[in-house]
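In the two assemblies presented below, chain A is common to both, partnered first by chain B and then by chain C.
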Partner chain A sequence: MGDVSELFPLIVRMDEDGELVGDLGLVTKQDLVDVYREMRLLRAFDERAWNLQRQGVIGTYAPFKGQEAAQLGATKPLDDSDWLVPTYRDWAAGYVRGVPVTHGLFFSKGHPRVGDVPKSANVLPAQVVIGAQTLHGVGVAWAAKLKHERTATVVTFGDGSTSQGDFHEAMNFASVFSVPLIFFCENNQWAISVPIERQMRAKTIAQRALAYDMEGYRVDGNDYVAVYNLIAELAGRVRNGEGPFLVEAVTYRLGAHTTADDPSKYRVEAEEERWARRDPISRIEKFLLRESLIDEEQIQAVDVAAKAWVEEVLADFKAELSISSSVLFQSVYAEMPQSLANQFDQYMKRVKEVGA
Partner chain B sequence: MALTATEAGTRKLSTAKAMVEGIAQEMERDPSIFVMGEDVGAYGGIFSSTTGLLERFGKDRVIDTPISETAFLGLATGAATEGMRPIVELMFVDFFGVAMDQIYNHMAKIHFESGGNVKVPLVLMTAVGGGYSDGAQHSQCLWGTFAHLPGMKVVVPSNPADAKGLMIAAIRDDNPVIYMFHKGVMGLPWMAKNPRAIGTVPEGDYQVPIGSASVVRAGKDVTIVTLSLSVHHCLDVAEELAQEGISCEVIDLRSLVPLDRRTVLESVGKTGRMVVVDEDYQSFGLSGELAAIVAETDPGMLRRPLARVAVPDVPIPYSRPLEQAVLPTHSRIAAAIRKTVA
Partner chain C sequence: MEWKFPDVGEGLHEAQIVKWHHTEGEEVVQDEPLLDVETDKAVVTIPAPTGAPIEKILFHEGDTIKVGEVVVVFATGSAEKPAPLREQEVAPMREQEAILPLEMESVLRPAGRPGAGPVLATPSVRRLARERGVDITKIRGTGTGGRVMAADVEQAASAPSPAATFPAEAAWAAPKPTGDIQRRPLVGIRKRIAENMARSWAHAVQVTVFEEMDATNLVSLRRELNSRVTEEDRFSYLPFVAKATSKMLSRFPDLNSTLDEESSEIVTYPRHNIGIAVDDQQGLTVPVLHDIDGLSLKATSRELKRLIEGARNHSLSRDELTGSTFTITNYGTIGGIYATPIINYPEVGILGLGPIRRRAVVNEADQIVAADTLTLSLTFDHRVIDGGYASRFLTGLIELLSNPFLLMVEL
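Moving on, here comes the complex of A and B:
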């Protein structure tokens, strides 16, 4: 047997210099102008979230900087009735589906509003226990199949998550039951301090598909055009009952794992700089400039718009910060059992007496 | 020889550094010991429980794993049956669920299933506890769950000297030992400052015997039975209540399995009052177990109803104010004690 990774060549349509090496496919030039702007807004938000943690306004936050093309490319082609099953790093993906981007902040605050995902978004709450959501994704897709709905589900996960038994069991189930699901791996090269080469011996994640007799694809995750076209095609095929599929989007976590992490402990700056040159936003910018679809002035205007937008969404976030403590007891069960109701009474009494 | 926190030496270390020192000294002595887990190498453990070990012992003995808890806990169990003495780190105790079968059906039962012929000498060390806004899946203590399941010893150090002595004892023990360190006792610069997380640690090789509690403050009015980070809070509260003329005896359990019943019973026999301060969930756990021990020994021993300061039966909230409302905080502990002695 030869090197199976060769069966999974990297799909690229727009390279890091913003040159088209394939065609735009289903993406129009106007789409690129819009997506460029949207990514810039989201990046500004992400960077601001980092600062909010540093100022003590929010708790731990996992930035998505660098993964915008993968997250937007995986979700923009979806229909309203499709589903997204995300991780803690997928705030940009959730945003595309209609989840307010501030959910990332509410999540980090432990605010109950984070559970209040708009129903129409078809997004499950973000999962932090590594790999668990891959199984939920199979379940969501399976339910769609049982209900004869023509929908596609996309479940996202990181490269490190592919080491979990949950992931392999999910792949096997999805394949055995032919569920309408796309496994979408955001291979950002690192799982906290562990690089992908030490996570697995295989050269690609895409080739994992072979073991489950599934089609696997490896795409440049920093190339929005390539990710969009691939997912658009696969989502269509999934809705026709041809799934599941595995997609490996090769990208890079430009920032720290979370606000609690310090990457200088385990990776070198040269690597970060190398990947910064492949930034998903700057390659679109280069393309748009070359094609005269935007000019420097408009780029400046996006800067200003991004700042204003971040302030606007933060105002909404700050207005909602207070939390009633009764939510603690009320949200554990569908109806509060007597034993817990007793503890709730004691708790309220204590709050009255000692204020804590 | 057993040492307590107050004896011998003047050198001070954080709990994290004391743990690492215990591991390193044992690794020097015994080549069958290796350390394995997520981010234990270059990162040094996300709560600094393995800092510097990779540089000192190399990557064959300090092994970063893929994110596969079932795999590395199962592997460590297999290696332990073959004469190795693995120390495996489960990054957060909350993730034990991913690998529970390997823990409680295999690690904990192989000795029994083999009629006592196969030993499983391993240490499963894991970070527990909340108080820093990390949510329902990263803030639990769960020691009651492990202590409930036969076959594992369970130790829970609260200070640097005990952390080292219990680590050495755990490594030398021929049973699987669950070693649970609270993030708040480690002395980490990015956590809330806690002066009790730094303390005198003897330099040499010593053990804190597994199964022995420590009376960390003597008193006569009320017995506070506690463990881990709550020991620190209870000592602070005892200090404060002393001003009001309330004399608290504070017991740091240090081990849950085996449990030092004698120390608890002697103290409660003397004070006639017991307050259990436990950062684990209230129901079906340590506080109920301690109440049962007292009741089955002598129901007349308590002159006042027992008080439990534990986490109500709700998941730990991520939100800081809500989390503080369910944790055993200073004011809750003080209120419970005042009520018990009133």
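Moving on, here comes the complex of A and C:
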């Protein structure tokens, strides 16, 4: 038997120089202009969030810098009725699905607001237990199947998660019950300080699909065009009753694991520089410049817009911080059951009593 | 706007300031680097939380700052209200803190009788009681389960009733404000000094022994030396005292030690690292003359000048401010003949120097004459050092300093 990893070649459509090595597929040039702008805004937010932690405004934050193409590529092709089951680094993915990025800040603050996902967004609250959301994703997808809904579910997780028991249980269950689910792994190469080759013997994450008799795919996670086209195709197939699928998006965490981490302690600068050249945003920028779809002036304008947008986000964040903790009770069920309503009454009575 | 040091890691308690990117008075740009701190894990750059002039920097490079301490104060204009993010977050948390299940409460305080168990009251009510000088344990709470309410405190404060049972105690808790009292937060270096002093006072059993010596020979030796060196190499008395102290520490090694309370061990050090207390506008700092044994008198003098100047400019590294094994404080240059210096804990000895002054002394011929005299105060930790040991150290030191040719022999 040959090397099984060869069965999972890396799918690329736009290389790091912004050159098309495949076609744009379902992505239009105008899409790329929009996505470029969106990624820049999200990155500005991500960088600001890092500073906010240093300044004492929020708690521990996990930056997604470098993983924008993977997160946007995995969510842009989804329909409103589809589901996203994210992890704690997926604020860009959640944003695409209608969850305000302020949730990334609330999450970091341990603020109850983070559980209050807008009703219009089919997104679960971010999961921090490593890999646990893979099981939740299976549940969501299975429910859709039992209800005969034609919806696709995407569960996102990191490379470290694939070493967890939950991941393998989820893969097995999903496979046995043929649930309409896409396992979307953002392989950013590092599970905190553990490099991928130290935590698995397999050469690729995609090949793990074989063990569960699933289709597995390996895609350049910094190539928005490739990720989008792959997920669009798989989501369509899932809605038609196929699945589950495993997708390994090969990307890189350009920043630290979290604000409590210092990557200079465990990885070399040359590696970071190598991956910085493969940045998902810069390759689209190069493409757009070459195609004369944007110019330098417009690039500058995006800078300004990103700054302004982040200020707006922070203003929203500030305004909602004082939101009553009653949100804790109100955002658990679609309709509050009597037992919880009783607790809520008791709670509010106490709040009044102590005059807080 | 005060900026408090946040937990920049996870579960962090303190960090050390490595570098300030700005000085007091400078205007910073929001999100531009403000300072670098070193945690257990990493050196972390803190971006400025606001764009404003720096009014006050409360810690120097090399200082350890604790999470929650005010590190820097920004002069924020009236237009911009500082840090609303931090203020608002408090509200929901307070609600949660105040919640105790009803059942639990009645167990804790069955009949609402005063003194029958832990007092139930919210933090804000407790603070109110402190501010009013009321002993909260003496108040009969009217809230559920005997909880003390704000109104109860107000009532107790206005009436000469239950709270008056312990007037003295209440008075200690919070003196009645009269006249223009001022309150300012204990922060920064002042706070650190307060903590260190309290720790030293609480741990070491401190005894001070005083002596006076004839400094005639020392004064003339110094005058002689200074007439032969360049202006910048001129000696103060400090290098002589420091070198003599080092010589004596060789003979009395237990004074160059610390008491490791956890392991119940007296730790003596082979090197003499002499801390020098330096009075500074921002507060006392103690630069350290490392390994003085290996230095000549001239090198000692130069090093002392460098350290004292560095301490005043706040340009010393952390290494230059730590690691002392014995400390000298030279209060005499400012004022005070004798003092009871507080040990630079966990060291076991500190030598205080009074002024060199012309005083009337009785000479060997029983005549009263005018002579240069130096007063010395040695505080020692009586847990480690006995009085005889300390006194012998001090008289030996005086022997060397009053006959400096003896010191020269040993240099």
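Keep this in mind: the second predicted complex is superposed on the first by the 322 of 356 C-alpha atoms of A that agree within 3 Å, B and C clash if a C-alpha of one lies under 4 Å from a C-alpha of the other, contacts with A are read in each partner's own complex, and residues count from 1 in each chain.
The criterion applied here is as follows: contacts are C-beta pairs under 8 Å (C-beta built on N, C-alpha and C of every residue); 3 or more make two chains touch, one makes a residue touch a chain.
Given the structure is predicted, the values throughout are model-derived calculations rather than measurements.
**Student:** Once the shared chain is lined up, is A:T28 touching chain B (first), chain C (second), both, or neither of them?
**Tutor:** Neither partner.
**Student:** Have a look at where A:Q164 lands relative to chain B and chain C in the superposition and call it first, second, both or neither.
**Tutor:** It touches chain B, and chain C stays clear.
**Student:** Have a look at where A:T259 lands relative to chain B and chain C in the superposition and call it first, second, both or neither.
**Tutor:** second
**Student:** After superposition on the shared chain, which partner residues are touched by A:Q300: those of chain B (first), chain C (second), both, or neither?
**Tutor:** In the superposed model, A:Q300 contacts neither chain B nor chain C.
**Student:** In the superposed model, does chain B or chain C contact more residues of chain A?
**Tutor:** Looking at chain A, the partner in contact with more of its residues is B.
**Student:** Touch check for A:S120: first (chain B), second (chain C), both, or neither?
**Tutor:** The answer is neither, since A:S120 touches no partner chain.
**Student:** Quick one: classify A:N240 as touching chain B (first), chain C (second), both or neither.
**Tutor:** Neither: A:N240 stays clear of chain B and chain C.
**Student:** Considering only touches as defined above, state whether A:S325 meets chain B (first), chain C (second), both or neither.
**Tutor:** Both partners, chain B and chain C.
**Student:** After lining up the shared chain so the two structures overlap, which partner does A:V351 touch, if you call chain B first and chain C second: first, second, both or neither?
**Tutor:** both
**Student:** Looking at A:G131, would you say it contacts chain B, chain C, both, or neither? Reply first, second, both or neither.
**Tutor:** In the superposition, A:G131 touches chain B alone.
**Student:** Just to be sure I follow: which residues of chain A are touched by chain B in one complex and then by chain C in the other one?
**Tutor:** Correct list for chain A: 59-60, 109, 111, 260, 265, 323, 325, 347, 350-351, 353-356.
**Student:** For the complex, give me every residue of chain B touching chain A.
**Tutor:** So the residues of chain B touching chain A come out as 38-39, 41-44, 46, 64-68, 70-71, 94-95, 97-98, 133-135, 137-138, 190, 282-283, 312-315, 317-326, 329, 331-332, 335.
**Student:** Please name which positions on chain A make contact with chain B in the complex.
**Tutor:** Answer in residue numbers: 59-60, 107-111, 128-131, 160-161, 163-166, 191-194, 198-200, 260, 265-266, 323, 325, 327-329, 332, 339-340, 343-344, 346-347, 350-351, 353-356.
**Student:** Which stretch or stretches of chain A touch chain C in the complex?
**Tutor:** On the chain A side, the touching residues are 48, 51, 53-57, 59-60, 109, 111-112, 258-262, 264-265, 317-318, 321-325, 347, 350-351, 353-356.
**Student:** Can you list the residues on chain C that touch chain A in the complex?
**Tutor:** 3-10, 31, 41-49, 84-86, 88-89, 91-92, 94-99, 122, 143-144, 147, 150
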